[in-house]
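These are the structures, in structure tokens.
Next, two complexes with chain A in common: one pairs it with chain B, the other with chain C.
Let's turn to the complex of A and B:
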């Protein structure tokens, strides 16, 4: 196959013995085609432009972060100028192809673990995840024990069969009959 | 009468053991909460205490280790580009740096919870030339237990704090006087 990028490919072959050169490509036309091909080879391939991350995409990540300065204010609703700058940082990172975890890790490295809405399960932070269910289970257990005790106290104890020949019982029943 | 209260020793000891465990857990929790509360109420490090040593990597990539800076007066200023009061003292701090650096006084700016482009724009706006770097992870500000910005800590050559300034300096003279006092030593 001919190498079309080589200039030699476009030079006219020597005329065969006995044949008249004619009906082939003119030099000007060949030069124009060669120029077009060269320009096409130099042209950069067009890429689809990366869309700018939308506010919803930014806020979806900002919701999982807290303002490093304001107390207990999620980054997606914080109105300060600093928070707007941090949201723009999130937008830039998203546009650069970072995922949520990478962005959160970046914020932790910059501003500390307190920026996370959900504390990372490490160190003493484990208490945040363990204590509530443990406290619930313990409280439920004590409640159950207490309710069982109350139920036992409320239920009347079955009285043993009263002996019929007990004179005391007979007198007691007599008294009760008289008073009623 | 049947009693729901069992009097056998085995069942009496089991609830007591469980109750002891619960109480110990509660006391441990209370101790933890109390420790946290005490720490938040402590306030910033005070005059007369040793400065918490730290390492600051500036925006230019230079590294400053305060432990290596004994023998010279340090001025550690916490600031942020979003901090309006910080702007009030920016020019005065830079002027003080230019006057005092030939005497060996080192000014360090610690950028608190900021973004780098805005921080660099701030430094450019006020033509600040002394070293500034971000407080990564807020480790430095936590070591000093700062409450906000701006705050400035002046440290004597012996590493002991001589001034804790909460809020912006009012004037250049205030900064110069504070540094002179630190240079003079504890007898001043």
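Let's turn to the complex of A and C:
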């Protein structure tokens, strides 16, 4: 339920109204396309090559990063233009031989700790990691003590073999016993 | 005119709710039945009045009255009529009216049915529901008015106000912005109402709980009266969450259904406390224990419902500044705070009357396992609440913003979910009062062995992840225990009555809908767990840019890019739609059509994945981008989502189980008598 609606800048320029593609193409466009293809054919082998580093390598790192604008949307799936640029930055850094930690550190230095998926464990941030387990352990201890107190207060006779909380089940049990 | 009628109806409803609360409280305290009756009548007025207001909004939306600010914000001419109607809950003001409408309807329904039987509780139910309603109506009237119009001030600025500011002229836009495209999905059309139904239904058990504390009826009457309300509330909340997940999967285009977003968690938290409540009330009903704890849980659930309502539409928790600037943020928090103070005060006032009637028989008993269940649910709740709140805390104290993302929640709640799965397997076999470990072990060893065999098979087939193996082991244990419980009961009936197995199953579940409905819910959870573990642990993905005719491989799948077309649609969208051929193990499976829709009016794109679904897995393809000039190049992201359909399939089973549990049972007294008479000859 992420809200992808707020940022105005998207990775693709907004289409122009009424333009239809795949159908009629103007001669100027056709010439431009032909020229591009011809140039590409000269420059590249027949099959397009994977960019180096690959999208998957970039996404593996982008998955753990969040840009400050698109809250709660990981960088690898964010469709905004700003995030596309960040991904290109990751690609450049990877190409320059940086590792994941160095790249993360670079973004933290540029934009602060909030780019990381979880708060960096320092200072007040320790609280985010410590409070839930401490609360859980305290609650568990409290529960344990309460249960001990309750159980120690009075020990009723053990109940029969199986739950007999309602008459219907009691009857089921009875029938099972007689059968065996 | 319509707007004025609607606004006037809201003001009247606000006055009626305030009067209703005051009169009912006064009448009950001073023992003046006439005032109580008058308060009830005022309450009965609120529903028709809010209905008029809601109908007025729908009329304005349908008749395209764009001078109304809300209409301009959430609809546009190109939208079909059904979306215009559902735009009622497409923005904050309309959502609040919708919430109020449900609240007044449920308050009316609750009082109509039980007015004679629970005469002393109901005045306070009126008070609590009407105070809640008055709070929401106050927000609508003073801060989020859906009937406010657009004006042009003398200085030429656009102003939003109900009535004309001095010298201002009406401003009538030609067209509206249109509903957020992300919300134009069938899942989104019903998902918010389901969540709201769940939210609002939980107010009723809370109202009865408060009434019980005010009047000193500290027995389990309030729980018995509201049992079905609670189940229905929980049903709708569950349905809302599942539909929300499906919507995210279909529309948001990131390959998943749950992203631990604060808005998701806001809807999830009341579900967590509500689930704990549903389990622990059974202990109070059966054993007269946990009275205080159940009250704490229902108060907590109510507070989380209000918190969730606030969060889901406002988004102000994203920063301290957004919160401080929003008019309704502090009000919501003030209201939640007040609720907690009053509820806690009442609870302390009745503390001694709420003593347990029974003691815990043993540390190993159904009760203690239920307590453990509550502890785990509360643990998950703490993680969720703290995760949502922490960015604000951090910003407040250090000025630094932080992100608390999915890895935090997954790591922190993973072991707790595993614990819950284990409990789901063990608790149904434990007896109330006291269970001998030996007997529990005897009941458990067969299902445990079967689960161990399953884990062994998974290891043999190459699964190495310890977390996945533990998860699947616990899930299959629960599945076997639950199925065994069904089989045992049905077999006993078959032997005794000579019924066919299916008929025996049907009749057995019909006789004890709550128990067997609960078991069906557990089976639903197990199925969902299969799916969740599958996608969380074994999802794979790849991304690449393809020229026409080129291919990309992910696992056993090969995807070939055929073509891409870009065109305008009559409903004011620009669609870029790719055609891909999918092969698996060299066999042609069909075409997929991932697309990107661009909405001109709201200037928003929307990514619709192309999905090939089987029970085993989903192949989920997103169109990430394409070359605007040459149609040849396009970038795709492909996800392989193993077992994800078990999430939806399990969700359906889950909902069916809840329906079984919530279905009204026949009177219990004659059934008990039948059991006694049937058991008598056996003893003789």
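Methods note: the second predicted complex is superposed on the first by the 102 of 180 C-alpha atoms of A that agree within 3 Å, B and C clash if a C-alpha of one lies under 4 Å from a C-alpha of the other, contacts with A are read in each partner's own complex, and residues count from 1 in each chain.
The rule we apply is simple: a residue touches a chain if its C-beta (ideal position, glycine included) is under 8 Å from a C-beta of that chain, and two chains touch if they have at least 3 such contacts.
Just so it is clear, the structure is predicted and the values come from calculations on it, not from any experiment.
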Which holds for A:85: it touches chain B only (first), chain C only (second), both, or neither? first
Which holds for A:69: it touches chain B only (first), chain C only (second), both, or neither? first
Looking at A:138, would you say it contacts chain B, chain C, both, or neither? Reply first, second, both or neither. first
Now for A:97: first (chain B), second (chain C), both, or neither, which partner does it touch? neither
Once the two complexes are aligned on chain A, which partner has more residues of chain A within touching range, chain B or chain C? C
What is the contact status of A:59 with respect to chain B (first) and chain C (second): first, second, both, or neither? second
Is A:112 in contact with chain B, with chain C, with both, or with neither (first, second, both, neither)? both
Report for A:174: first if it touches chain B alone, second if chain C alone, otherwise both or neither. second
Enumerate the residues of chain A that count as touching chain B in its complex and touching chain C in the other. 68, 112-114, 124, 127, 131, 148, 153, 157-158
Of all residues in chain C, which touch chain A in the complex? 180, 182, 244, 247-248, 252-255, 259, 261-264, 286, 315, 318, 356, 359-363, 366, 368, 371-372, 375, 378-379, 382-383, 386-387, 390-391, 393-394, 397-398, 400-408, 412, 429-436, 439, 443, 488-489, 492-493, 495-496, 508, 511-512, 515, 541-547, 550, 563-568, 574, 576, 596, 598, 600, 602-605, 607, 624-626, 628-633, 635, 637, 671-672, 675-676, 678-679, 682
Listed in rising order, chain A residues that touch chain B in their complex are 68-69, 80-82, 85-86, 88-89, 108-114, 124, 127, 131, 138, 148-149, 152-153, 157-158
List the residues on chain B that touch chain A in their complex, please. 1-2, 4, 22, 29, 32, 80, 82, 113-115, 118, 134, 136-139, 142
Chain C contact footprint on chain A (complex, rising order): 1-5, 8, 10-15, 17-23, 29, 32-33, 36-37, 47-48, 50-51, 54-56, 59, 64, 66, 68, 71-74, 77, 79, 84, 112-120, 123-125, 127-128, 131-133, 135-136, 139-140, 143, 147-148, 150-151, 153-172, 174-176, 178-179
